[in-house]
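The following pair of complexes shares a single chain, chain A, combined with chain B in the former and chain C in the latter.
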Partner chain A sequence: MSASAISRRSILAAAGIAAAALALPACSNAKAGAVTTIRLQQGKPEVVDYFNGLIKDFEAKNPDIRVVQDFNGGNWVPGLIRDNPADVVTNAYSVTTADFAKKGIFANLADLPAASMADPKALELINSFGQYNGSELSALPFSLAAAGVIYNVDLFAQHNVKVPTTWSEFLAACQTFTAAGITPIYGTFKDSWTLGQPYGYVSGGTVDLADFFSRMPTTAADLKNNPDVSFTKDFKVATEKFLQVLGFMQKDAGSRAYTDGNAAFAKGGSAMYMQGPWALSELTTINPAIQLGTFPLPMSEDPSVTQAQVTLDMTFSIARSTPRMDAAKRFVSYLMEPAVVNAYNNKFSAFSPLKNAEKTTNEQVAGLQPFITDGKYYLNVTNYFPPAITLNNYFQTLALNKNTDAFLTTLDDSWHRVAARNA
Partner chain B sequence: MTPTMTTASKVTALRPELHGPAKLDAPRPVRTRRINREGYKINWWMTSLLLVASLTILVPLYFTISMALKSPEQAASGTGFAWPTDPHWENFAQAFELTNYPAAFMSTAFITVISVLGALAASSMVAYAIVRNWDKKFFRLSYIYFLSAMFVPFPVVILPLIKQTAMFGLDNPLGVAFIHIVGGISFNSLLFIAFLRSIPVELEEAARLDGASTWQTFRKVIFPLLAPMSATVGIFAFLGSWNDFLLPQMLIADPALQTLPVVQQLFQGQFNTNYSLAFASYLMALAPTLLVYLFAQRWIMSGVMRGAVK
Partner chain C sequence: MTAPASVRTVAPAASDTALKINHKKRKVDPTYYWMIVPVLVLFAIFSTIPALIGGFFSFTNYAGYGDWKMVGLRNFQNIFSDPEILASYAFTFFFAIVATVVVNVVALLLALGLNSKIKFKTGIRGIYFIPMVLSGLIIAYVFNYLFSNTLPGIAEALGIAPLATSILANEQWAWAAIVFVTVWQAAPGATIIYLAGLQSISEDVYEAASLDGAGPWRQLRSISLPLIAGYVVINTILGFKGYLGTYEVIVALTGGGPGTATQSVAMRIFSGFSGGDYSYQMANAIIFFIITLIISLLQLQILRRREVSL
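Up next is the complex of A and B:
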């Protein structure tokens, strides 16, 4: 009897301790003066240091704003759940980011002066994923990562191979290297995502991706009205050419990963490497002496229709709900200043998405500059796929069993499956 | 004659070593070679097997240390087995600065200390209450209730937890420690309950006769007796909270209060990994765990056994 009475008391004591623990954290972060603190959610770990430098510069020019950089990408969704998302957020813009934009998570940035400075083509890419209220601009483009075929300049010179401008020239170049006993292209299928690069090039060069995906049904209702658009119809050529490209890769590509590929290509293990600009710094780290260039993969016999592939590698958005809208807009306007945009993109082998942007001084990607300047670029095909479709796994299967029809049917089926469950 | 004989044979029977040193001398060297000081045989097959098995820890540890001392060029080239020719100690300084190590360390240590102490206190009290009130239905049901928590996969409750902790102002390290304690109650009290059942009630009755209250009985008699199991629970709680990634990543709103495992994401981009800085940072995060292991080795070994038999 008495035992239970006393244990009740100890339970109360424990409850008291818990209550005190709950009360404690309430008395923090209460100070707020003339300085507004905003939070920047920045998702690229390799540029955290660079952004700290930018923030310092911004704070020196704007003493009334303090910026805190949060590089914990996992904090974005919890922030939304807490009704306290980061004020400014960077995103590699894709269908996943667009999901947030279409739900009105981001503020409309169309009236910022920076919006009129951006290349309309880049804005069009952002808007092609869908706009909130049909007209809002949810993100400003900061960096375009243009990707093409990275090639070893010395190996090309040694074998008298010129940068190919047509599909048949490309095939001829591959055959020249094969004949000389050099692997034409280094493949790394073990990391299935790396297959998204070659597939991106062949599909972007043979299909109008933006148009195709705007016609592809995305909801159950669409699916009923518009069942005829399909990968099987439009991607057949691309997929066959993809397998043709893969045929020029080394035999053990299936057991090689991205890092293996970097090491092998940097040491002259192949003449070409189908990777984005992010691999360039890795390659020069491994072999500082290597001479690299990049060209867009020509997919036809007409050089004038060749386009470069890009990803919207970094875009800025502002949370619609932020009570610090002014400070956030000033910070984004600072980041979108041409000097800041150019310096960043030059440093990280990317391209400025601003009108009349300075040309890149980076030799390694200079081969793509004319295409960017002329607005001849398309988004990587993988950016259009929702994460519910395990595209990379399908690529890997295709690379190993070479069954074009099965691959395309799988894509159609999974696309319809995802669309059917969207209202 | 006879009595002397008897005495002599008796002595021989009782203490053979007094009479036969000459006879025993011959086989002795053989025996000392086989039997070591503490008197057990060395099983060389098993020992070599264990030595090989220990490589599974030592080889990665070697990589961690050698990578931490390499320059990015060295780290990217070769098979990785090569020892760095000119050690880059500045990797540690750089990693220290980039992760803001002191702040992250303090945050992690804060969570760990509270989690360990809280887990010990909360779970032992829960276990004591349940074991000593086993005759009451409420306590038997609460035992099942706590156990059933072990069957709820964590990702299922993560979003509601984020919302709840934010509402209570617990979106900070204290909240993470709190969830660690609460989340650990089911498993930890299961361990304590199994152990408590082996402690005789008579000990408590003696304390009661001397006028001890329930709290005093628990604090002065039971809790000290739980020490071996407390070591086990403490070690599990320490490792669980020191190494935890998901909870701090999801629950801590203020980036300045983030823990070591989370800030270390910094070295791993989607396409680029800064191996040398990453490993220098991992070593610095690993150090406290290694130290705790060195000191608590004895209890960890016995604790593993204890958890095995209920």
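Up next is the complex of A and C:
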């Protein structure tokens, strides 16, 4: 009995010491002036260290603010449910993020100086998903990941193929490679998500996506108005051209996955590869000697209308409910400084969404730079689909069965079913 | 063992009055409560209550976050008019039936073989049970590689054109690959149950039969099979229930593809968590729960008639 009493007492004592130890630094902070702690929710695991560096720099310049990085993306929604979301959150802006914006989760950032520095085109893409209260700006663009057709520079030179600037030049290039016994494009549609890249290039180059999706019905009420807009009508050409592109892929594309594609393309297995910039570092890891370039897929005979495909790979938003709004805005303003934006995007083969941004020094994606500079870019089509639509599976069915009409009808039906569920 | 004094043995001869007297006093050893109550509480907190909450949200338009309101039975109505959900039910039942049949046939054959007097019986049994200790996900990823690379490679070398592309990329036959992997993984478990059944049959019966002139085939048909009928029922029921919830093998093999050819109900339900489709898939889960409940009750009924118990 006595033994257990002693141990209980000693545990309490230990707890007391621990509590005192925890309280001490808090006291010293309080003396140095009020320090506000804000939380940054950042969900990209590969840039956690980079952001820790940014935070250090920011804290050195702003001693009254402390920033804690939370890199578990899964904490965001539970935070909302507990009414205690992170103060600043990074998102790849898509229809899913826009859903938060529509529910009024994010603060209006239109009055931040950074908002006027951003490329109007990038802001337009963010706002194309709908604005809270009709005019608010819910996110600031930090990084554009531009994607195009990755090509093997040496193979192009060997066969005297120039980077195509029109659709017919692209077809001619493919035929040249086929005639030479080289697979023009490596397909990996066992991983159905990889089909989102080629479909994105083809549809983004033939349809005004932002306009199309702003007219599509999203609620049961919209459906009642019987809108005169559908995939069947507007995506037929794109889908047929998509199948044409797929026709230039190797025969066993259906049983090849993303990693197979990286390995094959890096070893010269094909002339072109339709993947995003995330594949570039993998390709150079497999074959450090490979020379790579990227060009936007031209979808018409007029080179001046060709556009590049982007995703709003990283945007910043501030939780509307945060009591630390001032500190959060200062932090976001710091992150949006041109020097910070440029350094980040150069490091991660992405593009700055600011006006008059520095040009990229990365040869592999430099082919897309002129289009980004001129604001000629569109958002990947998959960003507009709510996750409830199993889009990638439909792509795979289309790639295997080559039935354009069935694919488009499925998309329409599926879109309408999701809309009917939304009141 | 801890408090034998408090155990009150009620003799079988005790009359009703004796029982009533005892009723107010402690009849049952509290140890049993200590065993059952914590489990009951944990089960309620982590299983029953979440299930009830999910059931409640199936009547709302809750996305998993943000505002929501009651929508009555709308989710349920939408499910019955959603061809993809209906297709996933059709696929799941088709898969469960095929897998149950194949697993039991294979397991029974294996058990008969492993129960006979063969050389290295113990070693061979051990080899056949290895798949059981591996996780389904690992097995499926290994077979994914075999189906996508090795098998087409062999087929191409031999000039068998239809097999030169992966079976996993074939909408008509991808299910066969899933059944194959499921059988590969599940057969050992069923085999153990059949072996237990076969070993419970006394040698005397076979001896007597052979004295009466019954050959091996006759012994199998008239002795082994009737005497392990109860085990067949157990294997069928447990297997069918398990295959209805099939998930990880499909995820690792086809991810529901090619296209939407191999999507199971469990996969559709799980997709609701990432898709902002929480309440809709909750309604799907409730429907699936009711269906499996009905099937389980029917199976229990069959079990009782068969006079075997789980």
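Keep this in mind: the second predicted complex is superposed on the first by the 388 of 423 C-alpha atoms of A that agree within 3 Å, B and C clash if a C-alpha of one lies under 4 Å from a C-alpha of the other, contacts with A are read in each partner's own complex, and residues count from 1 in each chain.
Please note the rule applied: a residue touches a chain if its C-beta (ideal position, glycine included) is under 8 Å from a C-beta of that chain, and two chains touch if they have at least 3 such contacts.
Quantities reported herein were computed from a predicted structural model and do not represent experimental measurements.
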Review point. Looking at the overlay, what does A:Ile81 touch: chain B (first), chain C (second), both, or neither?
Key: both
Exercise for review: Answer with first, second, both or neither: which of chain B and chain C does A:Leu400 touch in the superposed model?
Suggested key: second
Practice item. On the superposed three-chain arrangement, identify whether chain B or chain C touches more chain A residues. Key: B
Practice item. Figure out whether A:Asp49 sits in contact with chain B (first) or chain C (second), or with both, or with neither. Key: first
Review point. Does the superposition put A:Asp70 against chain B (first), chain C (second), both, or neither?
Key: first
Review point. If you stack the two complexes on chain A, which partner ends up touching A:Gly254: first (chain B), second (chain C), both, or neither?
Key: second
Review point. Touching A:Arg39, do we find chain B (first), chain C (second), both, or neither?
Key: first
Practice item. Could you look at A:Pro387 and tell me whether it touches chain B, chain C, both or neither (first, second, both, neither)? Key: second
Check your understanding: So, does A:Arg417 touch the first partner chain B, the second partner chain C, both, or neither?
Key -> second
Practice item. With the two complexes superposed on chain A, say which partner A:Trp278 touches: chain B (first), chain C (second), both, or neither. Key: first
Exercise for review: Jot down the residues of chain A that show up as touching in both complexes, chain B in one and chain C in the other.
Suggested key: 81
Practice item. Spell out the residues on chain A that touch chain C in their complex, using ranges where they run on. Key: 77, 80-81, 96, 99-100, 103, 105, 189-190, 192, 251-252, 254-257, 386-388, 390, 393-394, 396-397, 400-401, 413-414, 417-418, 420-423
**Study point:** Residues of chain A defined as touching chain B within the complex
**Key:** 2-4, 6-7, 9-10, 14, 18, 21-22, 24-26, 28-29, 39, 44-46, 48-49, 68-75, 78-79, 81-84, 258-259, 262-263, 276, 278-279, 281-282, 285-286, 288
Point to revise | Interfacial residue positions of chain C with respect to chain A in the complex | key: 61, 63-67, 69, 71, 74-75, 78, 81-84, 148, 152, 164-166, 168-169, 171, 255-261, 263, 271-272, 274-277, 280
Review point. How about chain B: which of its residues touch chain A in the complex?
Key: 72-73, 76-77, 98, 122, 125, 129, 132-133, 136, 159, 162-163, 166, 168-172, 174-175, 178, 213-215, 249-256, 258, 262-263, 265-274
